[in-house]
Every structure is written in C-alpha cells, then in structure tokens.
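Letters A, B, C and D mark the chains in the order given here, with residues in each chain numbered from 1 onward.
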Amino acid sequence: MKIGLLTSGGDCQALNAAMRGVVKGLSETVDKLEVYGFEEGYKGLIYGNYRLLTSVDFSGILTKGGTILGSSRQPFKMMRIPDANGLDKVEAMKSNYHKLNLDCLVILGGNGTQKTANLLREEGLNIIHLPKTIDNDIYGTDMTFGFYSAVNIACEAIDCIHTTAASHNRVFIVEVMGHKVGWLTLYAGIASGADIILLPEIPYDNDKIIDAIQKRKKQGKGFTILAVAEGAISKEDAALSKKELKKKRENEPHPSVSYRIAEMITQRTGSEARVTVPGHTHRGGSPCPYDRVLCTRLGSAAAKAIVDGKFGNMVAIINGETKLVPLEKVAGKLKMVDPGCKLIKEAKRTGISFGD
Amino acid sequence: MKIGLLTSGGDCQALNAAMRGVVKGLSETVDKLEVYGFEEGYKGLIYGNYRLLTSVDFSGILTKGGTILGSSRQPFKMMRIPDANGLDKVEAMKSNYHKLNLDCLVILGGNGTQKTANLLREEGLNIIHLPKTIDNDIYGTDMTFGFYSAVNIACEAIDCIHTTAASHNRVFIVEVMGHKVGWLTLYAGIASGADIILLPEIPYDNDKIIDAIQKRKKQGKGFTILAVAEGAISKEDAALSKKELKKKRENEPHPSVSYRIAEMITQRTGSEARVTVPGHTHRGGSPCPYDRVLCTRLGSAAAKAIVDGKFGNMVAIINGETKLVPLEKVAGKLKMVDPGCKLIKEAKRTGISFGD
Amino acid sequence: MKIGLLTSGGDCQALNAAMRGVVKGLSETVDKLEVYGFEEGYKGLIYGNYRLLTSVDFSGILTKGGTILGSSRQPFKMMRIPDANGLDKVEAMKSNYHKLNLDCLVILGGNGTQKTANLLREEGLNIIHLPKTIDNDIYGTDMTFGFYSAVNIACEAIDCIHTTAASHNRVFIVEVMGHKVGWLTLYAGIASGADIILLPEIPYDNDKIIDAIQKRKKQGKGFTILAVAEGAISKEDAALSKKELKKKRENEPHPSVSYRIAEMITQRTGSEARVTVPGHTHRGGSPCPYDRVLCTRLGSAAAKAIVDGKFGNMVAIINGETKLVPLEKVAGKLKMVDPGCKLIKEAKRTGISFGD
Amino acid sequence: MKIGLLTSGGDCQALNAAMRGVVKGLSETVDKLEVYGFEEGYKGLIYGNYRLLTSVDFSGILTKGGTILGSSRQPFKMMRIPDANGLDKVEAMKSNYHKLNLDCLVILGGNGTQKTANLLREEGLNIIHLPKTIDNDIYGTDMTFGFYSAVNIACEAIDCIHTTAASHNRVFIVEVMGHKVGWLTLYAGIASGADIILLPEIPYDNDKIIDAIQKRKKQGKGFTILAVAEGAISKEDAALSKKELKKKRENEPHPSVSYRIAEMITQRTGSEARVTVPGHTHRGGSPCPYDRVLCTRLGSAAAKAIVDGKFGNMVAIINGETKLVPLEKVAGKLKMVDPGCKLIKEAKRTGISFGD
C-alpha cells in the first residue's frame, strides 16, 4: 500500500501526533506500506516535492510540536487558474498523485485545506481529511486537534497577566487568535477567569465594557481582565458594510481591536489599560495530552478507513467517538459560537460579560 | 437563600473551581445569599463544623488545587449505625442541615460520596451533587472533574520517564492511580506513548507482556514503557475467588502489582525493569484549563438548578452539554472501561498492547 | 519588634516568597513580632495605608505570583517637592514610620525603589532592601529575584515560536522586556536557541542581521528566530542625541523596535517577518524553584540582619552566598551587560549573532 | 579536526544541549570537523560502537531530554582487569581512540565517569570532561548540569502533594533521588516549602521529626511535608559500621528510608503518613532554561579549550564564569552539603527542620 501525507495551512501542536497515529495504525495491519510525505502542504503535491518516510521518522514525534513535513498557506484561490508558468495546479496535484500510484492521500488541515481536499476528491483522488486547527471551527466534528493545546497556552498567558493585574489594580487586555470564530478566546477566557470576553460572534458595546469594569470596582476588585479575540468587533462596526468598515479601519491609528479597546478604556476610565499579544505562541510547543489522545484516535481511525477503502471522508470526533463524515457535506462550512448556546449562558451566569 | 457546600473523599484539582462556579452563579441572580462551608467533608456536617463564606473566599481560587474546605474519606459504612458515643450520623447531618435552615446542600465528591448524597436526598434534604474524581468512573456523566488534570500530571511523569528509558534502553513501569477502573491509566498511557497499558478491566497475561517487549526489540527499540493501573490484575489472579486472592497476596513479597510485573520481566528478559510510583501527585496542583472550564459550567448549571428548585440531581456533562441526572438513577453504579470499546480498539490498532 | 513591609515598582514573581522568608525568619527568633504591610508601594507609606499582617497572610504564598500588598510605580521624581495638596512625601513617609514606631522597614523593589530606600536611610530610618526585578540590573548583587522566573516564561514563548517558525520557514521576532538592560533577553535567547539576540547594550547593524539570516538559509535552515529587547537600538540611532532620537521616533510608523526590524527584514529578504510581544506575561505566574530558593535565602538573611541591627543594607547574593551590601554604595547604579564579557563571547562562539 | 563524544552514567536533562554547545562552538571556528559519537557511554568506546554525526544530528536538540548517544553505567571497577573474553577495557578504549585518530574526546558524566576520564588522561588521551549530574555533587564546579532541571521536577511533585496534604491534613513524605549527597533534596525541599528536609549529610533523630510535626499542629497546621533523600539516615544507623548496617537493613521490612520514617510517624502520631516516590522522573523531560544556558556555556568553553589545546580539564562554572579545572585535582572527590553552611542556617531560620 502506498499513501501520501501532507499538512497544510497554519501549523498547530499535534500534527505530528496525528500522522504518527495514521502510520502506526497502518503499520500494524498492512504488509508493505510506503509512506510519502509532501513538503510544505499542497506546494509539495503541486511541485512534486516529497520524501519517502520510514518508521524512524515517526518515532518520538508524539510530543513534538509543528510538523515534520513543513506547511504553507495554500494557494487555493488560484486553484484551477494556470499560474504565470502555465501550471494548472489541480492537474499538477493529480498528476503527482497518480505518478506515485498512491492508494490514498491523507490531508491534515483546517477549513481552507478541507475545501481543496474536497476538490481533489471530486477529481477522483482517494482522500482522508483530519481536522486540524487551533480555532475549532471545522463543521462536522465536535473538536479539532490543536484547539486544547492552544487553549492551554493562551490560558497560561492570561494566568500570568492575572497576578500582575491584581498587584497593580490594572485593566489588562490579552488578545487571543481567532479572526472569524471565538472558540479559543471563549475557552481560554473562561479557564483563566477573564472578566470580559469579546468574540467575533457577539459584537460588543463600549458602554457594556465600561459598565463591567465599574461593577468590579464597586465590588472592591481594582483589576479587570479582558480576553479579546483578534476578530472581535463593536456593534457599530458590525453594522457597517464591508467597504465602509475597510475605509474606517484605514483611518484608525490602531489596526488591532485590542489597542482600540484599550484606548477607549483609558479615555473613559482614566486608568491606563495594557495590551498583551501572545500571538503565534498559541500554535507552538508540545501538544497537550488531550490532543495527543485525540490524534492517536483520529489517526488510528483514519488507518482503518484507508484499509476499509472508505475514502472521501473527514475523520471527526462526535460525542466522544470517532466518525467518518463525508467531505462533500462539510467542506466550506464554518462552526461558529452560537451567542445563545448553553455555554455562553453558563458563563454569563457566573458574571462574565460578553460586552453585549 | 442559604446553601451549604461540602467536599468529600480524596481531593482533586478543580474542587475550588467548581465551588466558585456555584457561588458566582448564585451571586449574580440571588439577592441575599448565605454560603456555609462544612469542613472536612461529611465530618463537618455530622459534627456541625462549618463557617460562613464570603466572596473573598471564592476570589482567586479558580486555579488553586485542593479544597478550601478540607476533605476526608467518608464514614459511609457506619452511616445509620450509632457510633461509640451513640451518635446517629445520618440524624446528625439532617439536624445540622435543618438548624441552618439550608435551601440546598451542594456536595462535591466521587462514587462513595454520591451514595451518601442520595441517602440524604431520600431523607428529604435538597441535594445537588457535582461529580468529582480523578478516576472518571462516575456513572451518568461523560466526564468527571479532576480527571484531565490528573491525566496531565500522570502524562508528564511518563514523558519524563520516556527520555531516560530511551537513553538507557530500559523497561520502565509507571504506576498510575486507579484501583477499580482504568480510565486514568488508559488516557495517560495513550497520551504519553506507553507501549503496554494494563487496566483493572482487562486482566493481563505475562506471556503477552513479554511478547510485546520482544517485538519492540526486534523493531530496534531497546526500551519499553508500561503504564500500569494500581488495580491491574493477571488472568490467573482474576480467576481466583476474593478469599483465595487475599491469601495469595499475603504471601507475595510485593504488595504492588507494578513491582510484581517488574520482577517477572526482569526474570524472563534478563534486563532489569524499573518502577516509578508518582502516587498522590496525580491529584495535586493547579487544575488544567479543561477542568476549569468544566467546573465553571457544572457550577453555573448547579446554580441554575438550585434557583429552579431542581434538587436531587447530579450535574453531569453529556455530549458537551450540562444535564441534570437524578441521583436515584446513578448512585451506586460504576462507569468502567469496556474492553471492547472503540477507544481500546483504536489504541490496539496503533500497536499498544493491553496484555490480553 | 515591629517591622514594615512594602513592595514597589513593577511586580514580579517571587515578591510573596521573599516577604514570607523575612517573616518566617523573624517569627522563629523574635518573641513579639508585629508586621505592618503598606499597600501599593510607597503610596501606602506616604498616605498611611497599611494593615497588620498575621501568619495566615504568609501561609501558602511561597508559590503565589504578584504581591499580596499591591504595588505601584513610585513617585520618586517628586520626592521632596510638596504635591498639589502641599504634602511633602518624604516627611509623610518618615512620619508614618515613626507613628507606627517601626524597628525596621523592609523594602522590596528595583533600581528606582532602591534609590528612595537609600533616601529614607539618609533620613534616619532603619531600612533593609531586597533586590527585586525581572531585569537583573541591580548593581551589587549577582542575581535579582524574578529574573529566572521571567527567563522561564520568555523562554517558553520562544520555544512555542520555534515549532511554528520551523514548520513554516519563517523569520520570527520575539520582543522581550528590558528597556535599558538586556540580561533577560540574553538568557531567554540563549536558552531558547535564538539565532539573533539584540540587546540595548550592543547596538545592531541591519546588514549583520540580514547576513545572519542569509547564512542560515545557506546552511539549509529556512527559519530564523530573533530575541529582541524592548530597548534594542540600531547603530545609527545610538549615534544620535536624545533630542534627535526623540524626533526620529515621532516620525516612525512603528513605536516598537521589533516592528521596525520586522519591516526591514521583510523589505530586504522578501519574506515576511512576524512579531510576537508576550509583554507583561514575563512578570506573572508562580515563581520558579530557583527564585523560591533565592527568596527564602534573601528573606532569611534579611531577618538575621534585622535581629543583628544591621540596617541600611541591600541583601545581595554574591558567589552563591547572601551578603549585606550598603545601600549608599549601590543606589543609583545600574548593572548592564558588558558586550565583551565571557558569556557574550561564549554565545557568539556557538554561532549566535548579536547584530554587531 | 576529529573529536569524539560520549555520555556515561545515569542520563539527565541537558546532555544533548551540552553536546550541541560543543559542536556548535567548534563548527564556527574549525574548518573540517568530524564528530564521532560513541554509543552507550564507555561501552561504545570499548567495543568500537560509534557513528559519524553531522549538523542535522545537533539540530533541534537543545530542548530534548536524554542523550542521542545513549548511556550506560560504566564498568569502572573492572577497568584494567581483562573480562571473560580476555578484553582489557582500558587498552580497548585507547585503541579505538587512536584508530579514529581523534584530536580530543569529550566525556559527559558524573563522578564515576570523571574518574575514568582522568584515567584515560593519564593514559595520554586528550580529554575534556563536562560535569553532568542531577546530584550536583561534582567537586570543583559550583553547579552541574541536570541539577536545576531535576530540582524543578522534584519541586513540581512536592507542589502537587502540597495541595492534597493541605486538603486532608496529612503527613506526606516525598522521596528525592540522592544516595550520598543531598543537594537535590535540599533545593527541592526549600523551593517547595517542605517542613522537614532529611539529607544523607545530616543524620536525623526520630524525636526531632515528631517534634516538628507536633509544633506545626500547635500552630494550627494539620499537615506536614517531608522531603527525604534516598540516602537519608538516622543517627543510630549512622553510628553503625557498614557491616552492622547491612545486617540491620536485611531484617527491615522496608528497604527504603521513606517507608521506615512513614511507619515511625504513623506509629507515634496515630495518623497515617503517605509516601510518594517520583524516582526516575527527576532525570527526565526537557532541560530547564537554566541548564540550557549553562550547557551552551560549558559546551562553548569546551570548544575553546579544544581549539586552544587545553586538554585534561573539566569545564566548570565558578562564580558565574566558565573555568578549566585539571581533572587530576578533582577526580575522585565528592562535593557534599556542609551541615554548617549558610544555606542550611538560612533554611533553619525560616523554621525548616533537618531532623537534627
């Protein structure tokens, strides 16, 4: 059996653990296994950059962050349009798949990656997709790998900020990754005891933020911590058209929402609000045990799907069990935080403000 | 509103986080809230040792391990039997509950605790139970709090052992807490890349353990790591009656299964197997973000249940949502690892041996 | 005996551990000990905000980040100048010291704090100073507390960046706290395997940065990590007068040196350089074991100094031993990184570029 | 230039970091560098098991625990005595050194390893020794690498025990590695707030242990934590001859000192004392930043010594600076904790009991 592996999009913590799961899962059942690793995501498939991987490559990588194959943001927009050199990328990928005579291509990536995976499925390739992203925004699975590792890192940062905020009676804003969806900010915020959590899915009202800070002061709590998603947006801005918003942003001194909120708080409360941007640290380091178990399961289930010939699926985790979900049913969809969900209600009941 | 809180049984990491969730959840909705904390579990309720808790007590405890109330193994066997001083413990508990005029008693604990909670419910007290245990063996909830924090700590220990085992080509046994159920060993074992995992639910065969070690050697892997639950049992021993087993144990040099297995491996392979017993470290330290989110949710849902007057329930987490589960339906039942479940199959497919 | 405690300036990780050391050290030898804690640094001493502390306050705080007393940047510039209300701050501090009839005031803080401590000594107060700062820039001691805890946190962030940088073949800049001195960046940079380390003490040359990146590319290493101190400065800027520099900064789009360097790298190499600013996380969280041992020692030695009546000193650690160092000899001096020191030479020999 | 590398004795956390330092330090200055890695310590040198290492082998290993070369306890006792096959091990080592035409052999190890390194020096080989051990017991250097990483891990374990001990008002004993010297127990004990610390260098008195526990109870502290070195010894046992002691041990139910002390405490106080043995976890996992900096320095200084032809030395760290120390002056000596040293006095002043 010959399989290909590729990791595409922003990296995260348990990519290696997932690939190890796939290969270990196949090694035990398949006699002659050849594993080809494409380098730097779809690029490697397009340009034929790959290497033959042996069991040594998968030894000791359960705990290793990043991806041994490298990754790159995928050139998905230009997919079927020949590039400057006349290269049709989709044809190039199909050609390299067939040249290697692959039985299956296992693709690890997020939403964009999944769309291309579905495209390759439509083109007749045998595809298995594993749902990777720190954003947990992939439709059709309860959980993506990378998410809980990122929650841990974001939470550690806010834990650190907690002691310094409390010592100085300061307002602190910690910016958490997530342009379109707020799962990471939501979980890291609750886990670290943030007082105000701002998500892309729940546009905020400046007055409500100030109210929450003042309420804490009245309760004798001099500090307030805000966990703010990169994509958090004010109610006024949410009401604008894309064009109007773009124009407005161009004229603002701070491109980042955290700094705009900090300035607003400083102006309205008189006390300086500080901003921390842990940024790419969220996706780095060793995967947490939760993700290691998840990836061993997803990888093992992917191996079974390959042996069973059940291609064209994402391996999901639903209600604690691995499931195969047809790519055609999920590709292109986003799993967002529902502002009226039980989790938000539970968080609000404990006094957390979402600025709405 | 007057509520009581008590934490009973072996402590774990997110007891404080859960109590904070309950109290924060009530503070936001209830006007006059009085919270009484009983000291050292049911003991405090029996002997009337309690203190009035204020918001200061719940400030900054989200991340604090242990329990601010103290805990003790409960004297459940003697429950309705008067003790040496003629004290009827159940009557004493009821009496103290009524003296304080409590609207509800929130009880945090594991299986034994839950049974007593159900007994008090039968006696007419308003009870809410929160499922606490590093063992994850409470029937009726997908997850207990403390479990993932314990997985992290056990996993860290095995991670440490990994580098030294690999450097010295040694066989290492890490004993993980769990006398009756193996969830903790199973998750920590998979997460840390253990090669052999022995659980109480799957009696092991010495030959299979030796086979697994030899197989690794043939693959060029000089070291092997075993994650062994305290309650792991050999096939022969599992076939004995309780009485026979007790007698056998009395004549064995090593009371702990890990040391018996180590000796067996040393004798049969000629190379020394080392044992590590992290023991009570599993239940200590700061709760992990997973448990902090879980406890904030369970606590908040408990607060809602209290306000809604829905007593006699455990607050569970099922398929990612908090649910109220009647105590009468779950008390006395144990959630064990099913040897034929998907998770075990997935782990086996990646080459992990369970000794069966 | 009556002593006062205050923590001043930016908080850091082992302030509580140090205060615990002082109080435990005195409790064992002094019969009637009264400890007064001034709130929010010198502010508390000026305005008479203090509270009597008991042994309960010092229980369990060895591992607790921040300061139980609160802290604030000190108003040192206005020290002897009456404020708007006619308050002479130095007189106010002396007055409150004498009102409480203190035998000694233990002051925990950095360079600015130390200067004021020395001023109070000159005014006749019994002062002991403990060297606190994540910057390790206090003259007269080999090590300050907070430093190694901050190194650990900064290093963890760069470790996280490492896996993502390697997966994407990117240039990453991690900004580390330190406006005037580079100890923290130097240690965190070496510890995390940074390829380029830029310190305030060693002005950098853009060409040398580009050279280092290109050299790595030639060696087949697609990624480069820069650890950059907040106060890192280019050779051209270092040659400017303060006035010229201020003017130049005002016209620059990026106030932070990291973003300026990132832009330069992006322009000159064609590949985007990313910036991460962990910022205040450096000073937060639980102190590392190194700092806990150091603070227990410094606190205990401070207790001995107080009992022996040896006032007017900083308790330093020199060649592994605690020493009393007269404040008058060290106040106002800064301990900077010597560009020609052995440590820098050792780091350079392993291939680390300092941009010079 | 041709150099050899070997790691001998029990592994620890920063062996790879130190080897990376040596090789990086040479790569930058030496034109044609060949590095031979001997496998499993002196065994590899004796039996000629080695492999040529390239820069890829040293990439990414700064943070990797264990040793990429493997290690083994050295067969030092039989050094000059031919084994069963008539092999003279010293001659075999010399022969392999000369066959490869090595310019220098860099040996990383502890006290036993150092003695053999000195022997090889006497035999005319060019030797550089790097002081590796979690015990910090190597004479002639202030610090050994591995020590602070082990302190961190031991301290984490005791931190975990702290929360559970406090919740249950229990006496807990944590056994820390160290048969002959107590540095690791001393630092981990102070750092984690242990109440009683027992070291091999300070024989303990059972009465003093009980006194310390009772004193805490009187202060309202129901729990006590003991950090006990593997080699801790009672005053009575310390007075026995080796032969008498051996005989006594054979008749004791518990081979480990921790269990003997636990039993004594249980008998004399009536409340059960629990034991935890983290064991080999101490030497595992990723090195801490302190050790990474230390090893980069030691490795770089070793590289300089090699280039300068200064063989026959251990690279030490003394008063914060790397120094070359002649092997002949230090081999065979042990650095123990002086019971009268300042650090012990400082610890005692804060109320820590050493059982004496």
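The rule is short, and it goes like this: contacts are C-beta pairs under 8 Å (C-beta built on N, C-alpha and C of every residue); 3 or more make two chains touch, one makes a residue touch a chain.
The shown structure was predicted, so the numbers you read here are calculated from the model rather than taken from an experiment.
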Label-sorted list of chains bordering both chain B and chain D is none
Chain B and chain C have mean C-alpha positions lying a whole-number Å distance apart equal to 42
Distance between the CA centroids of chain A and chain B (whole Å) is 31
Chain-centre distance (mean CA atoms) for chain A and chain C, in whole Å, is 35
The positions of chain B in contact with two or more other chains are 159, 166
Listed by label, touching pairs are A-B, A-C, B-D, C-D
Residue positions on chain B within touch of chain D in the complex are 7, 10-11, 13, 15, 40, 64-67, 70-72, 153, 156-157, 159-164, 166-169, 172, 274-285
So, in the complex, the side of chain D touching chain C is made of residues 21, 24-25, 27-29, 55, 59-60, 62-63, 142, 148, 151-152, 155, 159, 166, 187-188, 190-193, 219, 221, 288-290, 292-293, 296-297, 299-301, 303-304, 319-322, 342-343, 346-347, 349-351
